[in-house]
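Quick heads-up: structures coming right below.
You will see subunit A twice below: alongside subunit B first, and alongside subunit C after that.
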Partner chain A sequence: MARLIRTEKEVEGRNEEVWIVVDEDALEQWPAGPRDVVGRPQARNDGHARARGEARYTADVHFPGMLHAAVLRSPHARARVKRLDLAPALAAPGVRGTIGPGDAPELGTECEYEGAPVAAVCADSLGEARAALALVDVEWEVLEPLLDPDEAVARGSLIAPPRTHERGDFERGLAEADAVVEATFRTQTVLHNSMETHQSVCRWEGDVLEVYTSTQYVWGVRQEVADALDLPPDKVRVVCDYMGGGFGSKNSPGEYTFVAAELARRTGRPVRCALTRREEHVAAGSRNATTQRYTIGARSDGTLTALGGEFVNAVGADGWVAMTEGPMVMLYDCPNLRSTTYGAKLNLPPTKAFRAPGFVEGTFGLECALDELAAKLDLDPLELRRRNHAHSEPGGDRPYSSKNLVECYRRAEPHWERRHEVRARSTATVKRGVGMASQVWYGGGGPPSYAWIRVGSDARATVVTAMQDVGTGTKTAVAMVAAEELGIPVEHVTVAVGDSLRGPYATLSAGSSTTPSVAPAVRAAAADAKRQIQEMAEQRYGANAGKHSLRELLGVLGNAQILGTGSRGPNPTGMTVLTFGVQVAEVAVDVETGEVTVERIAAVHDVGRVINPLGASSQVEGGIIQGVGHTLSEARLVDPASGDILTTTLDAYKMPTIADVPEIVTELIDIPDTQLTNLGSKGIGEPPIIPVAAAIANAIRDATGADVRALPITREEMLRALAEAKERSREAAAAV
Partner chain B sequence: MKLLQLSSLRDLDGALPIAGGTEVVPLLRQGLLEADTLADITALVPRGIEGSRIGAGATLAELEVDPQVPAALREACRLAASPQLRNMGTIGGNLLQATRCWYWRLAYPCRLHGGDRCHARDGEHREHAIFANDFCASAHPSDIAAALVALGATLSTTRRELPVRELYRLPSPDDRRTTTLERGEVILELDVPPVDASVYLKAMDRRRWAFPIVGVAAARRGVETTFALAGVAPVPWLLAGSLDDATPLAGTAYKAQIAKALVERARAAVA
Partner chain C sequence: MNGGGYAFDAPVGTSLAELLRERIGLTGTKVACNEGHCGACTVLVDGEPTLSCITLAHRVAGREVTTIEGLRDHPMVDAFVRADALQCGFCTPGQIVSAVALVEADAHPSSEEIRHRMAGNICRCGTYPKIEEAIRQWRG
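Entry: the complex of A and B
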């Protein structure tokens, strides 16, 4: 029975109260542990299609007569278009249409970052479109860019008012401390670099706009495009069959969708607008750089008495202020806390969400500072964390729906114990060590999401939900849930996703929320179908219905099909739903050349019930690899005078290669969250990337005594930290 | 743009020679190289490896596994680029690759492009030079060139024979080129004389598929050891004096430190 409820909805740390239509989530959770299907390793149901090249990504969508668009972008970090003449481009060979500022959302004349879209051209071929772009007659008034985040804060150039957190009495807490660590950490700007660049193909079928797009939110694109083009939403059909990665950068339609839609309208032809790899490096969004200044106090037994932080996010021209302070506010039980977070508005490309935005950056600072505190107090870093474990939400008594961080610490112990043996393998030039870091993140998902399931007399089922599988394996997870509920093999479940015309609403794929949001709806739909089948079977077989197999029961259907529907129920009220974990890294540092090699990372994560252990470990591996890139080699570099982006290719912007991947050991706690939905599952997309940088940096300290203070830990940062440590020990020796 | 299949290198006639294309194609696409006509020289340039002689058309992938090739050159090939690029890229083309300086690659009006300033010197230059960097701070990216310079290799072109070292020249106000190769001149063959021991050590930002932060090649004949460095100057750098003579920029001092360590390791490795 559908009803309207008022509930808290959280997306990546932003909470709001909303009214949502839900069905009762009256199903009992399955007992913990592996079931017939759920909880057992399952290869992706679309793996072969992907490997064989049969999967249709947006990049594979081609229609007869389709045109290709290219976007004119600002080559300057801050500039005004003084004059623009598109006529020479329109006259070029193959060109079918041009649009300029004001013709489509996001095209403008006031350019606040390099790559800001101004105009677009479409032509028979991409080559012709790009050649025509060069013919556009444009005069720029180049303005002085603002690039320095501290200067922006000083000048009041902010994305939003400063955000503060305060609990207890920070100053008193600091006065009570036996040891205080003051440390500043910096993190760099990194890029998502999805394998599939940002792109859309738009075509008009009568008065319906079809948008084929690489997106993390089919329904968000539908709504935003409808709003922007003043169309009823049901006149916008959004399709995303397969998706080549987004990592947070594809939550919104983007200028490429609006450009394709408008040029398709004007030309009457389908239009593709796809970013090139160079545009992807400039104009597709990024994880913002941060500066984090911590002041942390503790008693000699390690009990935290004060947590203080000032955070500056170098947001760029647009975006939001991610919770860099999140880990400090949420991870440890400390009564006294004070933080201020600034979002600097700069003439740099916008911040877009990137796999645990804020928490990846903030965990590096917090967990490194905590290890510096452990060193100062001569305490075991793992023990220090245990002593400050938060049993309920810090600063209050709001309970967690479930929390198994202590169990994570226990499971991490054997990996942590390896440090003696690892250190012993050091040589004169190569020092080895082990470090750890904790992780907190959201990941509970929430309503609304809906699913339908169709079951035929052949005992095969089709799950229909207009979610998107952004490459995380959600399609496989929901097939497993449906198979488990219906008692049929997972191979007999087909999953149809990614089409707003064909299926019901499903969540944005962000905040590790797709599986915990959609899978409970799928289970509810399967249970609804099962109930209907049982009722019908009782009409046919009476009291003997239970003696017949599902296939036999379904046999009475003939050509009819059962349609089950389900929705995601509400999250538990008055409870905080979070994911937790810990990672232990082993590194080797060449102290003469500054080379850092990550040799092993053990990841222990608590995300409730694990639906597909194989898919979950794959997510852990992906998160760790992306984290290793963030920690060691990736950095978007900018010319300090002009604000031009300098790293625009995959050889200049250095993502990790397979040779950079350490041994990865995944352990999942796999205890269902009894308060959360009919499954007790949380998401695992983001947690694994969060502690990587801090665990590596802490392992470096363990190996060398050097305090790394900036990401990426390039050779120069490593050699700087080593020289500083050497100087410190020389001074200490002199003092003695 | 046309692609010609020539029967003789004498027919080049202003066409741009192309072999593996791993450097030429990206430069053409970026507009850093202009040509109306390309000439596929793959069939016209020797590509075999026989004793000390190496055809300029030999791919890096062929060189990295050939036991006739001195260790420094094999290692330089193995540590260069990615397997896909090494399967396509030839040793002749590798010697002629342009700097990875982002300002040059983004077509800034820098000195190498004929302009009047080096943007890297005041700008972002962590990948740049520590020697001969006053006029232009770009770093030469070829691992292979450093190995060949250390090994004392010579090369023959369609017009002359010369030490590999003399293929390169530092850019100057009146001539911004970094090689002495003339238009229409094609490298045909290399001669890599035997050495008693050689090695190539490379520091990079990730473990594979990165240009050198610093590459150090060392080759020993008797008691004489020659060192040549990649990634430290606008050309492959024969280390004549001491690394203390380096003139690093604010952001490249770390390279001098790494170079010192690698030179000592290379010295020990060939001893």
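Entry: the complex of A and C
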């Protein structure tokens, strides 16, 4: 029976109360372990289409008569458009239309960051559109930008009121401590840099606006475009067949969609608006920089008595205040805690969600501080974490739906034990060491998400759900689940996604939520179809129904079909659904040059039942490799005086290549969460990137004794930390 | 081009990538940076991996161009799919073109050689370990 519930919905660490209609999820979970299909390695079902270059991405969408748009953006961190004349651009060769401030959502005259959109031109070719942009007559009033996050906090320039957490008595906890660590950590701004840039193609078909877009949320784009243009949502059709990566930056339509829609309306022609790679570096969102100041107290046996933190997120001109304090609040059982998080509003490009926003940054600070504590108390870092393990949600007794972090620690032991052998391979100038870090994150998904399935007389099935596969392999995972439930080969399941006109609502691909949200709905739809087939068989064959194959049972249908529907049931009430893990990193540090090489990372994660071990290991490797980039090489650089963005190309912004990749060992606990859905599966997209930076920094401490305090760990930062460690040991020797 | 002959009257300044994607409709070749930094647009010109986004169409007159469309039945495609050496797949055609050039020169490249020769193809999803595996096992 359909049931209207009020439930807490979590996306990327943001919670909101929503009304949702759910069907009770009556299916029993399958037993743990590999099944016929689920739990066994499966190559992705759209792999050939993508590898052969046949898959149609938004970048490949082409319609006859299609025009190309280019966007005029602020070249200044803070400026006001005093005068704007689009007429010279409109008169340029090939130009078919121009729009200015107020003509489309997000185009404006008050520019609060470099890259803020002001106006747009469309022409027969992209070259003509870009040439015409240069002819726009614009006069800027350049204003003083606010760029320093601490100054912004002091001045009260905030995105939202400061967020605080308080439990127990922090001051008393600090007084009870035998050892206290005070440490400040800084993380940098990093960019998603999906290979397919942000882009849309819009065309009007009668009164329906078709939006072909590279998105992580077909239904979010539909709703936002409908709201902005005052259209009934069903008059907006959003299509995303294949998608070239997002990592959190493509959850909303973006100005490029609104520009394409408005220019398409005015010209009566299809319009493409695609960001260039250089625009991608200023106008597509980023993971914000942070400053994290920790005060952590513990007894001599390692028991945490106080956790304190002040966090400043350099949010930029727009965005939200990600949970940098999340790991400190959620990871360990400590009765006394106090934190304040500020979101600095600055004249810098906006923050957008980026693969475990807040938790990547916060885990670096927290887990490095914890290792400093372990060093102070002369405790084994792994043992320190075990002693502070939280058996229920810290600060309360709310249970976890499942938690196998202790098992992760156990599985990490052989990797951790390698440290003696690794250290022994050090030379006079290259020091080696091993470090670890724990991981906590969301990833349970939630309702609503829906799926349809049709089974034909040839016993082949088509799953229809208007989700998007952003490259994670969700399309393959749901095919495996449908095949398992129906008892047919996975090759006999086709999955149709990415079209709001031709499938039911499905969740956004963010918060590691797509598979745990959509796959249970797909299983429910397949079970619905299976029940109908069984009922049909009993009517035809009576007690002998079980003796006939699916093909025989369905063979009588001809062109008729069995249609099943399914929806995602509710999450368990009164329980906290989270993912956990631990990573162990091995590094080599050249103490003369400051060069850091990551040689090996072992990743042990608990994400419930693993549907596709092959795809899951790819997600782990991908997360770790992005984490290595975040830790060692990636940074958006800004001129501190003007606010100009200095890194706008892929040679200036250094992402890992194949030559930078360490040996990666993936171990997944693979125990279904018995409380969560008909599958017991959680998401694996984000967890693997979370502990990488801390594990590497802790390995550096193990190797050299140096405390790294800032990302990326450039040679300068490494040499600074080494010099500081040397000075510290000199002082200690002098004191003796 | 991929074994066939074409004649074009392209304006001076047209890149090979533009010619492929917009004039011929061979959209398997992807453009991700359009300035020669990422390798997504890699094609073979007379067998050599070449960045089509910064190659002028005029420079390839009379030469042999092979794109991913010409390599669809190459065993490297299967090897990539088997090893799960792709996620979003946007860089994958370029990766495969580079990998084919590599194994044509050396059918059994060492790990170091793979890492050296493939370092010009960026994959933001981080499929690198599986790309290396695919290239090691490309013959099945």
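In this text, the second predicted complex is superposed on the first by the 736 of 736 C-alpha atoms of A that agree within 3 Å, B and C clash if a C-alpha of one lies under 4 Å from a C-alpha of the other, contacts with A are read in each partner's own complex, and residues count from 1 in each chain.
As a convention for this text, a contact is a pair of C-beta atoms (placed from the backbone, for glycine too) under 8 Å apart; a residue touches a chain by one contact, two chains touch by 3 or more.
Just so it is clear, the model here is predicted, and its values are computed rather than measured.
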Touching partner for A:656 - first (subunit B), second (subunit C), both, neither: both
Partner chain(s) touched by A:644 [first = subunit B, second = subunit C, both, neither]: first
First, second, both or neither for A:34, with subunit B first and subunit C second: neither
Which superposed partner A:414 touches (first subunit B, second subunit C, both, neither): neither
Per-residue touch tally on subunit A - higher for subunit B or for subunit C: C
Subunit B versus subunit C as contact partner of A:618, first or second or both or neither: second
Subunit B and subunit C contact sites that coincide on subunit A, given as residue numbers: 649, 651, 656-657, 659
Footprint of subunit A on subunit C - complex, ascending: 13, 21-22, 25-35, 37-38, 40, 67-69, 72, 77, 80-82, 84, 86-93, 96, 114-116, 118-132
Complex interface listing, subunit A residues touching subunit B: 592-595, 597, 632-633, 637-641, 644, 646-649, 651-652, 654, 656-657, 659-660, 714-716, 719-720
Touching residues on subunit A, where the partner in the complex is subunit C: 43-44, 46-48, 50-57, 59-60, 62, 127, 192-197, 242-245, 247, 276-277, 470-473, 614-615, 617-619, 621-626, 649-651, 655-659, 661, 664
Subunit B residues within the subunit A interface of the complex: 82, 100, 102-103, 105-106, 119, 122-124, 126, 203, 205-211, 213, 251, 253-254, 257-258, 261-262
